[in-house]
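To start, I am sharing the structure in question, which I have written as structure tokens.
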């Protein structure tokens, strides 16, 4: 593994370099609030001015989607919900949907998990129970209903929804640590592995580098995404701030409340961007 | 014994939960959480209670899909849903008001409702605001339907709707007024409900929580709740941070 | 969790008690050689004289299936391969198939993984690429071919195989450790979690008990199957012997070579059972 | 330079591997493993090599399904398969001889072949025993077919068959004799092959491994191989346990 090992250390890059695979117009999948949201990376993408993202939030999002939408980076959004949780609705998301400035692909949580798993398994679709009779299904012409060939009663159709695989160009998330071989410790957040398996490329930010090979210790290996799937890594301390990195740090409730207040208006949101996103670049 | 609205609602919900194996409660649902923990105390450890959003009260190690897989396996018996709108057919709307393509109001989204509503045997709808704005004849967007055609695979669905005014049961595609909470009236319920519903000639009053129930909630449930909902536990039950030590 | 906690400690039983859910005629799923094969449990089942098992070996088996088949415990076997690896063919398996004493449901590895994942997700089937034109498919009337509604070319059918979910009555495996709440540390062997999710009941044997709650430590939790899915646990030190428990102990090559020699004939196999399976009961 | 049969075969296979990203080698396949490691040395770290059955040389953390998922994702470029029987259509049989319901001989089973053969772009068939018993006109049981109808999703399949006597390429549903190994003859190949195959007017001899290749195999590859196949490495390359220290 010597040659591979030395080649792999080039994976660790500056934040901006690591984010290079996320190009204008690409399909980007990001995780839910408790699974390691790459907020430092999100601010860097906004500073770079990424455009026309097809954002897939697995299966929901909060501040991250709201910021990207407010900053004009998103063309379509596929997700099951965007909300600031106890801090209220996601104001830029709501404004963009009612204002018609983004295209919505409304889903339901397990449908997004299943569609990513389809790409992970290299199959064109996954079936899912539920959905039939909902308006979610009605507005998703890309989802198909078939009569299951395994229906119990041959006299009655057994309709079931098939969801096409979602194969993102890039998966982006934040995690506790990585090693120089590109292995990333993701713990119980198994959907991060599914995202990486499903996506063409994976970019991770991490709190810190781990000395040695995460796969050498069976206990750490159990929670590790192999570097085989990883394109680039950047160190971003407190890289989920102001969102939490569960088991490591809590959400910054005060800042989230501030965001909810400022982002309630377009002007306030612009001020927030100036102060908390663009300022970082100047610093 | 005096009691608070929250205590009455939790008691109502605990009775709806009944004798089951596993109750899962979504994020930001302190009253259903109180009810689930109360049911567990009464059942001496049964049902198993998962409080989503609390790593201490959930067991998931397979990522975000595990809750839904678990429901698909038939391993979640009770779940709670709500809606920006709920209609008389049991349909819930978590998406938008107005035309979907050009909505007047946008809600967060459907979350897992379009799956869980079909596969969790007892879904309890819970919406404290009981008004013609929230309880409508027909929702503008069906995040998940209250009932399905007979050949659609469905092992679950709504069994009841609990509001700040009353308890409705749900069966055969319709709500039925089961009881009106103390201090409220049938007329008030009719006036504030946008959909038709069945009702018996005499609508009973929702029974007040028994002194034993109140004691259990305040002394045993509240300290457990305080770990997940400290503000709620303090406000409703006067349980402070000290309870964490228990 | 107090009440639940005290109830849960009843999960830890003697080996024979723990195996009670594995009744005559049940569908039992067991893992491949490197994922923790419950050999002590297998010998206990043979001593008890379990009959008519529908054995699903995910996705392959070695000594375990050969022993169960030779001892007359198996009615049907669904798997992708049975072999003693470097020790040669599995002699009792080969004899049973050529002698017609068990019914075979030949599969291919990813088909079994997918069929268990279907049960895990509560869907009636999973699609899989490949298989078309093979005799595996030809002899599996329970597998269906449909025309994928997501085919790229509307003028051409895009046939794809649908595999019905496998929902075993019991999942049985051996792992490194468990705690008194029923949580079992399975490490990287994620198919053990899928087996447990898919099965109605799960029985695990473990090398040792872990003090405390495996879910309390995020690093251990990443490799833990929650006790929620577990019916019973028994301690069985070196419970995979003579097979390996990877990261803990290697296979007993000498014993496996001995088995291969003895099991080559029905008489030798009977002698093996007397010496290495039934003797344990007398001891 | 003198060389052993195993060295010749590994060199042939390394050339078939070509310039790819990822080669996966199944259990108990020391010669393909030698070839994959040789290709990696020549490519200065590319391709990535997974040796199944060796925790040191595999990265899997998602259980037994990850290999197949990985292939389904298009992330495995080269894999090796064999067969109790291999026929002239590239069909392989890993199941049984005789009628499937009442077989005369039972092999272990198809393993992952009925998926991997379809989705790994370069499948190299490897069977050292080259006889009319193993290379047959038609297999008794098709574990996986060599070719498929045009509308069947197939991104992979066999590209070659390497035996102890020769190298066949495979294209358009047929084998073609590409070269005969030193010490063997075309007549011998014809005599020992149960299926028809194409061949050029002049069949070249398989080139011997170059001195550079032999040095690379013996000095650099063999010590790596010894971790996984100590017996093979010792027998073929004379590499002992001491190599572990490297």
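To keep things simple, chains are lettered A, B, C and D as they appear, and every chain counts its residues starting from 1.
Methods note: contacts are C-beta pairs under 8 Å (C-beta built on N, C-alpha and C of every residue); 3 or more make two chains touch, one makes a residue touch a chain.
Given the structure is predicted, the values throughout are model-derived calculations rather than measurements.
Engineer: Roughly how far is chain A from chain B, centre to centre by C-alpha average, rounded to an integer in Å?
Structural biologist: Those two chain centres are 29 Å apart.
Engineer: On a C-alpha centroid basis, what's the spacing between chain B and chain D, in Å?
Structural biologist: For chain B versus chain D, the centre distance works out to 60 Å.
Engineer: Suppose each chain is reduced to the average of its Cα coordinates; what separation in Å results between chain A and chain C?
Structural biologist: Each chain's C-alpha centroid was found; their separation is 35 Å.
Engineer: Using the touch rule from the top of the page, what residues of chain B touch 2 or more other chains?
Structural biologist: 60-62, 65, 68-69, 72, 119, in rising order.
Engineer: Which parts of chain A, given as residue numbers and ranges, touch two or more other chains?
Structural biologist: 110, 114, 117, 121-123, 128-129, 158, 160, 188, 193, 221-223, 247
Engineer: Quick one: do these chains touch in a line, a ring, a star, all-to-all (complete), or other?
Structural biologist: If you draw each chain as a dot and join those that touch, the picture is no line, ring, star or complete graph.
Engineer: If I apply the definition of touch given earlier, which pairs of chains qualify?
Structural biologist: A-B, A-C, A-D, B-C, C-D
Engineer: Quick check: in the complex, which residue numbers of chain D touch chain A?
Structural biologist: So the residues of chain D touching chain A come out as 22, 40-41, 44-46, 48, 57, 59-62, 65, 68-75, 119.
Engineer: Within their complex, state which residues of chain D touch chain C.
Structural biologist: By the definition above, chain D touches chain C via 27-28, 53, 55, 60-66, 68-69, 72, 94-96, 100, 102-119, 141-145, 148-153.
Engineer: Given the complex with chain D, which residues does chain A contribute to the contact?
Structural biologist: The touching residues are 1-4, 6-7, 119-123, 183, 193, 197-198, 215, 221-228.
Engineer: Given the complex with chain C, which residues does chain A contribute to the contact?
Structural biologist: 110, 114, 117, 121-129, 144, 146, 148-150, 158, 160, 162, 164, 186-188, 218-223, 247
Engineer: Any idea which chain C residues touch chain D in the complex?
Structural biologist: 31-32, 34-35, 58-60, 79-83, 85-86, 89-90, 93-94, 97-98, 100, 106-111, 113-114, 117, 128-137, 139, 156-160, 188-194, 246-247
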